[in-house]
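Structures given as structure tokens follow.
One chain, chain A, links the two complexes that follow: it is found with chain B in the first and with chain C in the second.
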Partner chain A sequence: MIIALALITGPVACANDPKSSPTADMVKIAGGSYEAFFETTGDKTVRVKPFYLDTKAVTNAEYLEFVKANPKWSRSKVTRLYTDAGYLKHWKGDFEIGNPQIRNSPVTNVSWFAANAYSKWKGKRLPTMAEWEYAGRASFANDSRPVEEVILDWYSKPSQKTLPPVGSSLKNVLNVYDMHGLIWEWVSDFNGIVMGGDSRSNSAIQRDLFCASGSFSAADKEDYAAFMRFAFRGSLEARYSVNNLGFRCAMDAN
Partner chain B sequence: MKLFLNCLLTLLFALLFGCTPRQKEGDYEKVVGYREAILTNAPEVPKSPGAKYPQKVIVKLEVVEKVMRLADGVDYNFWTFGSVVPGKFIRIREGDEVEFHLSNHPDSKLPHNIDLHAVTGPGGGAEASMTAPGHTTQFSFKAINSGLYIYHCATAPVGMHIANGMYGLIFVEPKEGLPPVDKEFYIMQSEFYTKEKFGRPGLSSFDMQKALDEKPEYVVFNGSVGAAMGDKAMKVNVGETVRLYVGNIGPNLISSFHVIGEIFDKVYIEGGDLINKNVQSTAIPAGGSAIIEFKCEVPGSLTLVDHSVFRAFNKGALAQIHVEGKENTRVFSGKQRDAVYLPEGSAVQSITDKRPEPPMAEKSMFERMEKGKILYENNCAACHQQNGEGLAGAFPPLAESDYLMKREDKGAGIVINGLSGKITVNGKEYDGVMPQMQLTDDEIASILTYVRNSWGNKGGLVNAAEVKAVRAGSK
Partner chain C sequence: MKRYFNIYKLTILFAFITAFTFACNADKKAASEETVNAVTVNNKETAGESLYQLEGEWHSQNGDTLQLAELNGKIPVVSMIFTRCGFACPRIVADIKNIEKQIPAEKKDSVVFVLVSFDSERDNPDKLKEFATEMKLDDKWILLHGGEQEVRELSMLLNVKYKKQPDGSFAHSNGITLLDANGAIAAHVEGLGTDPEPIVSKMKEL
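Let's turn to the complex of A and B:
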């Protein structure tokens, strides 16, 4: 519903693949498949085509360039239809980040609409949930701990006053940084599982996810980290901005 | 001021409708006026709303993720309802229509929601209250059933949200109210599953494997070890009746709730209508509750425990109620007498004891000292102490004891026959009882050798034959 709204009325409607080439800060992820955390159709296998993914999340400095080039996305000009009141609230002004320490920290407090607009401006797009989950499954390059453990460690610590710069947490074997342990990240179809369909099976999934009772249809009931990502996505609407929520871009690889 | 106006408005409604028969709205009593719920932190309980009619009630609760004390020197990143663990106590009346506002602090890392067991409706409100960080949601429900209910976060993964502190109690008071009591308290039992061992200082973090294995490091009342102990104990006066609103969230364990030193006059079993009387311990399931009432007749400290008792003394499940006031010796006397107990059989020589004495081989000084030390510590040290100095006023010293050292039988007669009545040792009078010891002559010889050559005593070797002679002489 919300995605449909974006397609029809969004200021930068999500057009098909722009004919640009991947930038140096992207890495090609070979296609493949994985077992879905949630299965809705009876087929647990999720297939992912080859794609390019930003190695790091979009920073405040990078986002500032976008806002300068597109003043309608500045804090005072942006429409409430596409962002809530928390949009870029950690910045000093419309075109001013303020705190120099966060220039290279991931931009947060941006709505899905804003992240989508930035991606399009860059000739890129937001990764799909399948792409993000696929890239996020890769183990860490220099840390033998299981991915889930690193994620749970992140949750067990309170939010930092100042977000560290991008690239400061772990790199995985795909050469992608900060997939876990820095911020949450928007995906293009963040509400696909929870809000996507109108079939009964989809609404049943919603109950399974958020209700204390009932059985989970999850593939791995012990993958608490995955539960959290899905729960987090489920709590969002496309205009929401959240302190710990940013994004990175992706691109098709043809 | 706003509160005052609300009260005035409510009062006005009460006056308007107070003397007419109860009005109905569909199947339910008519809702009259509104109020904002007063929420309290454990162990406090809000006063009864005391309303004669159901009202619209506004409840506002804020979710905050914050580091707080779990035990002395131990911190934990709790997820909370209202910046406290357990969450705020909510008290409403049967029939009230609750407008629930759930806010999630902008600094939260996670979305949260609330499932109130008092809600009749999908998920207990969980879906309707799903709230992203920095947002507020609202839903409404009618409290159809009275009783004491748990509320908790039900965001996936539910177990982890509960294990991190997201729970509390909501009491839906029956429309006829509960009998008046003097004091009411809010007690919540819960477990914490930390990677670090119990009591290990520093910031502890959640251990999923221990949670799955149902092996908590901490089992606590009111959110931390010692939350209601010592200075923070609950306080009542002698003669007062107490009502405990007790919840157990688990997330895994069933509580064997007990109060040391009290009998529950009444238990509203599982927080419902059914009342049991004269109960010692009541089982409270994970995700369940009980309302407990008792009268405090005598002063002292009452200790609340989970009587699955290693949880109490090793994992933190302890709380206290201090009862102050005058003694009532008819109900409880305190210690009236403490005297040495002479059990039949063990310390007293048995009449039927016809053990043939094994042929005695006398031992060396060294051997007797070694054996004597062990025998002394097992048989004598409890009274005369390991250092032989006894206990002033109760047990006479053996160290440099004039009484012992001057005896011709070297003390053998006392060990064989026991001793009672007044004696003077080193100038001090003792009036106690020493039981006969059921020891062989050989054992007594070793003990006496040890006693007479330790702690400054110089008495030389005692042979078993000497002891035997004393025994023969005293028959």
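Let's turn to the complex of A and C:
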């Protein structure tokens, strides 16, 4: 179960090219604020500026275009500095996805560095953790169940061997698909959770996220789903590739 | 089945990362004992892991623009700080000064100390210069300012976790990383006031 927890998570952010404009597959998310799931110091209110977010995660077919244009990101050429040995291991070859059924499924087995490089290539960036969490809080468009309930229902099932296409799970009221129910997603600052086996013994500001003590300072004690996302993020390293961890891109709105 | 697969995979990952980050000494030592031409083999091995593959530009406390690759051939001791940091960062600097005292004589010309700021917004070269003066850092010390993107990428490679706080300060983990002449991670210590022995002993081998 701990391993299952460890395999879950979310978004990262990057700088974008000011000249690029949002693509048709993005929606504008109005700025706003929400109460931080986890914050030990000061103001728990997280403010998010308006931003654009991809409505769907990046697919295998889209990622293949990136690899073709940037062969240094192909499986046999990519540097071990940026990826582990599992990079794109579900593909047939360097420039070949193989299974035609997964062309429009979200690309997974990509490291944070790979997701970041793809985003830059598109003139976009990864969403920040705050942006991702903000967009992920929206209720579903055609499902009246509380978001947490749907998420926990998803967490309770193993990922399917063949991931379904993007857009196949729930859409939320922001017109964003699959925020919960398809894959975990990288965020630009996933390493902003300052805790973990290697850091709790020193300055570790957010050591309260550990174990039971975490629940005393969490904003919403019911939100077990958020605990799982944060736990997963805290367990990741930027070189990891995981078979149900992909990404979508974002962009500044001004 | 899936769960077993995940356990297997994570075990491999953790083993790899652990080896990469902490056990480099032992690994490479073992490797060098097996090879006659240890230095050459070692260089080939670490080139693919070089941090000098990072392409971003940085600005030093002297106003120079540089890429990390310009440190090629040096033996850098790297850490991340921000100048408004009241507690941890001065201690990190003190920890590195402690390492400075233990540099083997034959490495004195190669070793440099690199402090990279988390604070892209406020730690401009002037501010870094001020900090260097205040902390009595000589010209062996290179203080770097970079964009948010560059800083985040470097933090991923150095396994430093950080988060900007609403008041503009940074919550961060503390680590000191030794790079080899290729720019690959040779040793790493975590925490404040940690015994720098892994870094000092590795430095002798480089």
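Here is the rule we use: the second predicted complex is superposed on the first by the 215 of 254 C-alpha atoms of A that agree within 3 Å, B and C clash if a C-alpha of one lies under 4 Å from a C-alpha of the other, contacts with A are read in each partner's own complex, and residues count from 1 in each chain.
Here is the rule we use: a residue touches a chain if its C-beta (ideal position, glycine included) is under 8 Å from a C-beta of that chain, and two chains touch if they have at least 3 such contacts.
None of these values were measured; they are calculated from a predicted model.
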| item | value |
| --- | --- |
| Partner chain(s) touched by A:86 [first = chain B, second = chain C, both, neither] | both |
| First, second, both or neither for A:227, with chain B first and chain C second | first |
| First (chain B), second (chain C), both or neither touched by A:34 | neither |
| Touched chain A residues, chain B compared with chain C | C |
| Which superposed partner A:121 touches (first chain B, second chain C, both, neither) | neither |
| Touched partner set for A:191, first chain B, second chain C, both or neither | second |
| Partner chain(s) touched by A:113 [first = chain B, second = chain C, both, neither] | second |
| Partner chain in contact with A:159 - chain B first, chain C second, else both or neither | both |
| Touching partner for A:240 - first (chain B), second (chain C), both, neither | both |
| Shared chain A surface residues [contacts with chain B and with chain C] | 84, 86, 158-159, 206, 237, 240, 242-243 |
| Chain C to chain A touching residues, read off their complex | 2-3, 6-7, 9-10, 12-13, 16-17, 48-51, 53, 87-88, 147-149, 152-153, 155-157, 159-167, 171-174, 190-192, 194 |
| For the chain A and chain B complex, residues of the former touching the latter | 84, 86, 152-159, 184, 206-207, 209-213, 216, 222, 224, 227-228, 230-232, 234-237, 240-245 |
| In the complex with chain A, residue positions of chain B that touch it | 65-67, 77, 106-111, 113, 115, 122-124, 126-127, 130-135, 152, 154-158, 160, 203, 205-206, 208, 212 |
| Residues of chain A defined as touching chain C within the complex | 3-4, 6-7, 12-15, 41-43, 79-82, 84-86, 112-113, 116, 125, 158-159, 188-189, 191-196, 198-199, 201-206, 237-240, 242-243 |
